[in-house]
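Okay, so here's the structure we're looking at.
To keep things simple, chains are lettered A, B, C and D as they appear, and every chain counts its residues starting from 1.
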Amino acid sequence: MIKRLLIANRGEIAVRVIRACRELGIDTVAVYSDADAHAPHVLAADRAVRLGPAPPRESYLNGPALLDAARSSGADAIHPGYGFLSERTHFARACEEAGIIFVGPPSTAIDRMGSKVGARQLMEGAGVPVVPGEAPEDQSEWALAAAAARVGFPVLVKPSAGGGGIGMKVVRERDEVAEAVAQARREAQAAFGDGTLYVERLVERPRHVEVQVFADAHGNAVHLFERECSVQRRHQKMIEESPSEALSPALRARMGEAAVAAARAAGYQNAGTVEFLLEGAGDTARFYFLEMNTRLQVEHPVTEMVVGVDLVHAQLRVASGEPLPWSQASLAQRGHAIECRVYAEDPGQGFLPQAGPLLLYREPRGPGIRVDSGVVEGGEITVHYDPMIAKLIVWGETREATRRRAVEALRECYILGVRTNIPFLLTLLEHPRFIEGAIDTGFLDREGDAVRALMPADIPPAALAAAAAHAAPRATATTTRRESAGGIDPFHSLGGWRG
Amino acid sequence: MTSITLRVGARDVAARLDSNGHVHVDGRGYRVTAVSPGIYLVADGGQRWRVAVAEAGGARWVAVDGQVAVIELGGASSRSSGRRSGHAGAMAAPMPATVVKILVAPGQEIAEGATVLVLEAMKMELPIRAPRAGVVKAVRCAQGELVQPGVSLVELE
Amino acid sequence: MIKRLLIANRGEIAVRVIRACRELGIDTVAVYSDADAHAPHVLAADRAVRLGPAPPRESYLNGPALLDAARSSGADAIHPGYGFLSERTHFARACEEAGIIFVGPPSTAIDRMGSKVGARQLMEGAGVPVVPGEAPEDQSEWALAAAAARVGFPVLVKPSAGGGGIGMKVVRERDEVAEAVAQARREAQAAFGDGTLYVERLVERPRHVEVQVFADAHGNAVHLFERECSVQRRHQKMIEESPSEALSPALRARMGEAAVAAARAAGYQNAGTVEFLLEGAGDTARFYFLEMNTRLQVEHPVTEMVVGVDLVHAQLRVASGEPLPWSQASLAQRGHAIECRVYAEDPGQGFLPQAGPLLLYREPRGPGIRVDSGVVEGGEITVHYDPMIAKLIVWGETREATRRRAVEALRECYILGVRTNIPFLLTLLEHPRFIEGAIDTGFLDREGDAVRALMPADIPPAALAAAAAHAAPRATATTTRRESAGGIDPFHSLGGWRG
Amino acid sequence: MTSITLRVGARDVAARLDSNGHVHVDGRGYRVTAVSPGIYLVADGGQRWRVAVAEAGGARWVAVDGQVAVIELGGASSRSSGRRSGHAGAMAAPMPATVVKILVAPGQEIAEGATVLVLEAMKMELPIRAPRAGVVKAVRCAQGELVQPGVSLVELE
């Protein structure tokens, strides 16, 4: 078993991994940038090593500094968390070469899944469906039209070179091919100096459904069912859940098998996620490989609650060489889980990220409620790292019970000092489309403004009464606690009042 | 009896504490009880609310049932409740950010609302838009530059 | 569905029920004694009604006051919680007569199970095993010896009248019957004026294993598997868990069936628990009906976590007339759960109950950790009610993972101002007998002192360093939070220091 | 450099704050950092502890890894750390309690450690035992009575 683990990350995921280590009797080493010197993850670990200044490049993305920290602290393993260096082949390889266990897949597997083109070919070879497409040698309008017909309308005509949507055309009928091809070629030529085009099936209103997989060094690989992450804004996931409302048992089984096949094809080990685009729902739906995330996901707690597993415990065991703790037959979904990502961003200002002090920070608690966070009251959300404050994960017997529990929990999540997306999350959770379970990945980009308009505009006057009654901290900080204990009215110390 | 004026958005609201310890807002009386530091139970007889309050630089943040507001004390005569991002039209960063993309060049004519810059902060892209139509006079930043809030990045003639 | 529920209880269970109501859209009415005017359960509810002075007789045990509170607040249902009036037939009947839904079994079922003798007869009739015993008409020494032989040695010779262990004799062999009978008869005659004796099988080193049952008004009844509660001190449960290490699948099935039969025989509805004494372990073990608790148990969260249900939600639905939300086939155990009851009592002083202020009260949090409590920092543990502060319930994939998680969670449970049993709980959780899962109900009464002696005697000097560094609250209350945020050392404000 | 004496049980321990901000206890230096109100991280280079501290009436409660101690400041010269329940032998209630059972009568001879009363508080039975052998002189309580802590309930001749 791993003896001492360095966690090459910060925030909630670092805290989460440190907790798992304590439960397994593994020593922990936190790392930190100057901005995080007193962050909860630093205080939670058995020891802590400074990496450098706040910018990620000089701290959490500084591979050599991390390896030095591991060596100097005697760590025999590194957990990369998510983000930062978690999917960098070179970092995993450097760990391997330094004889340090990288808690994740082999660097070769990261490499195989890191290239979009390579991964697509690998998946095709493994029989995992990819979005149908053709890149005909013959680039004539006629040949492209024929390719489009084979792929099936509607299609996207896309330049082979470049990206960013430039030169991309939606073609819904055969009649439109000629004009689209001419236009796309012109734009591609102008932008990239290369007019080569290819044709890909347009997946309309897809859902994002991903499958958690886990493989060990002994040839075992299982899937732990799906998470649906269609509620996203500009590719940023906001709400994740499991099970997906769109999956029938047969479709779920097929997607699970495809995900395991993908992991096997990549020579995968440890926890990973195979992301699919889902077109339609139920038995007749089609799914296409999107990409594989070769690490633990932000939304892994959804799976933990529905499947009844501890993925981080399993990661540490498997990285230590133990076999998978589960067989496929031992795994089943039970109930429903929803994760809401609480971001420091202002839905009233176009979701502008917010930085600021956590003047007051209280997490909801209760049966079926889990909050993963790496912040404390009195701490600060800085501009240096991503604006996620916490993850609220709730479990319930049914989707509706879970949804209602999430609503109540968010209403009891008090964060003051920075604006958060909580008002928007609440509006979304109460939105008919979410209640129906009928949201596709484009929903928020198409209709987000309409959802935002549903947020309540005015705060109830009762809140103003509390604001008026709240005395200035200087006057009451020492007495507030006593007041609450003794049940004395706070009015005798209304420092903010003027006669 | 004591009074206080609360500025909520653009509106001034008078709050009054009566001799029975009730707070009156908009003509309605509320009983406020401290529950734990910063958390209050507010009751008006029929309904109850749990409200979180915190003080920061003369303003009071309040949260109730997932809604949040920042309330300034002292009413209209006090300093304005200017948004942190400055006036909506400024072509400046709302927070420390990195310039990701520059989409205009000096001399270029642009329409109102056109995206002139894309900044990035906290892993998010922030498009900066033109407050009015006009001709670009100067671009005062470079791609990859870390810019500070409030500094004008693009100027119109 | 119930529209407005009055919770005729206090503390953690009242908070728990109120939370469930919020999730189901049910209005809540809290009740309180003068000692609880600002208790968390009062603040959590939608409205609150005062019952009377602190003593339970004048408040939480005051049935007429509770019914008045329900009527005046427009409640259409009452949840009794546990303890207080939860198992008083007359209260349930008074609710029924007042047309108020009693969230629990019909008063007739409480009545049937309330009498030990009656319940025993009912169980025998239903084929539920009871501790074998005989009360022979012929009270001669010879007849009693014959009865003892039929029951099987070792036996208890007990006076039919009275209780409290007076006149009770353990008889291990036939030769000892004569003396025991003579002695028991003398003592029984002296104490109760009635020398009638009976003979009951002595269950040695039994385990306490109970089965959660649930029945509805439509004739459905299921069990939700077992909880083992053998870790008890003078009949006070301290640690509960599920599954029980002593049960084989076959035994579990038999006990579950017996519990459902018991519930059916009682005409039971809603949540209840059938307690058994278990002799031995595995397929060959014997179990005997002990009693039925006709209410929600303190330890119900153990079942909720292992079976994946919300028992309070189900209580409210079933009380509203809905059918059971589960079939027997849909229910299964998954993983392991352990509940530790945190009491205000001093293990260093013979578990003397403690009253006092909660100067500091911080609950542990993390994946698989649930804390049910009804107290807050700044509140007080009073002498008026039972000394339970909180319930820590943890879930894990295996018993060992759960045990370790419980240990880590207890170490992070900070309670200052009253002594608690946490040091003892920790010592128990690390005790070889607990690790083995080999504890019977007499263990703590026999060996509790030896366990207590294992508690660490001295606090580490590091704690003294923190105590020395801690400044008087007056000097730092307003700055502590800022210090933690900015990471400033607390030393500049060491109010307690003298040069 | 400042010093403070801590009384832990029967033992006096000297703590000393050096100019580098380290606290020295029993000849060992610790670095103490405030984590959140009342919670400290204590480090001695090799090991780290999270310690909770709260002040109450001149004493400091501390908790670490599930262990709790009550520490008095100022050392031996200050008031003694008398247990809340009074000296071990007193035949008095350690807290407000109800008399459930009286097991002795005036004139009765009793052995040291014999149970003389059973009280009940917080749903728990509390046996009260004789501090020494002797003859009961008086029983100063009645069954069912609510008695206050520290008041002598049974006296020996």
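Quick note on the criterion: a contact is a pair of C-beta atoms (placed from the backbone, for glycine too) under 8 Å apart; a residue touches a chain by one contact, two chains touch by 3 or more.
Computed from a predicted structure; not experimentally measured.
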**Message:** Over half of the residue-numbered contact pairs in common: that is the test. Which of A-B, A-D or C-D passes it against B-C?
**Reply:** A-D
**Asked** If you average the CA atoms of chain A and of chain B, how many Å lie between those two points?
**Response** 28
**chain B-chain D separation of Cα centroids, rounded to whole Å** = 53
**Message:** Report the inter-centroid distance (CA atoms only) between chain A and chain C in whole Å.
**Reply:** 40
**Prompt:** Among the residues of chain A, which are close enough to touch at least two other chains?
**Reply:** 38, 357, 376-378, 473, 477, 481, 484, 487
**Message:** Touching at least two other chains at once: which residues of chain B meet that condition?
**Reply:** 33, 35-36, 47, 50
**Request:** Determine which chains touch and list them pairwise.
**Result:** A-B, A-C, A-D, B-C, C-D
**Item:** Sites on chain A touched by chain C in the complex
**Value:** 16, 19-20, 22-25, 37-38, 301, 304, 308-310, 313, 325, 334-335, 357-358, 363, 365-368, 370-372, 376-380, 396-397, 401, 404-405, 408, 473-474, 477-478, 481-482, 484-487
**Prompt:** What does chain C use to touch chain B in their complex?
**Reply:** 38, 43, 45-47, 376-378
**Asked** In the complex of these two chains, what residues of chain D are touching chain A?
**Response** 33, 35-36, 41, 47-48, 50
**Complete:** chain A partner, complex, touching residues on chain B are 2-4, 6, 8, 13, 15, 17, 21, 23, 25-26, 28, 30, 32-40, 42, 44, 47, 49-56, 60-69, 71, 73, 83, 85, 94-97, 121-126
**Message:** Using the touch definition from the top, list the residues of chain A that touch chain B in their complex.
**Reply:** 234, 236, 344-345, 349, 351-355, 357, 359-360, 362, 383-387, 410-417, 419-420, 422-423, 425-426, 456, 458-470, 472-473, 477, 480-481, 483-484, 487-491, 494, 496-499
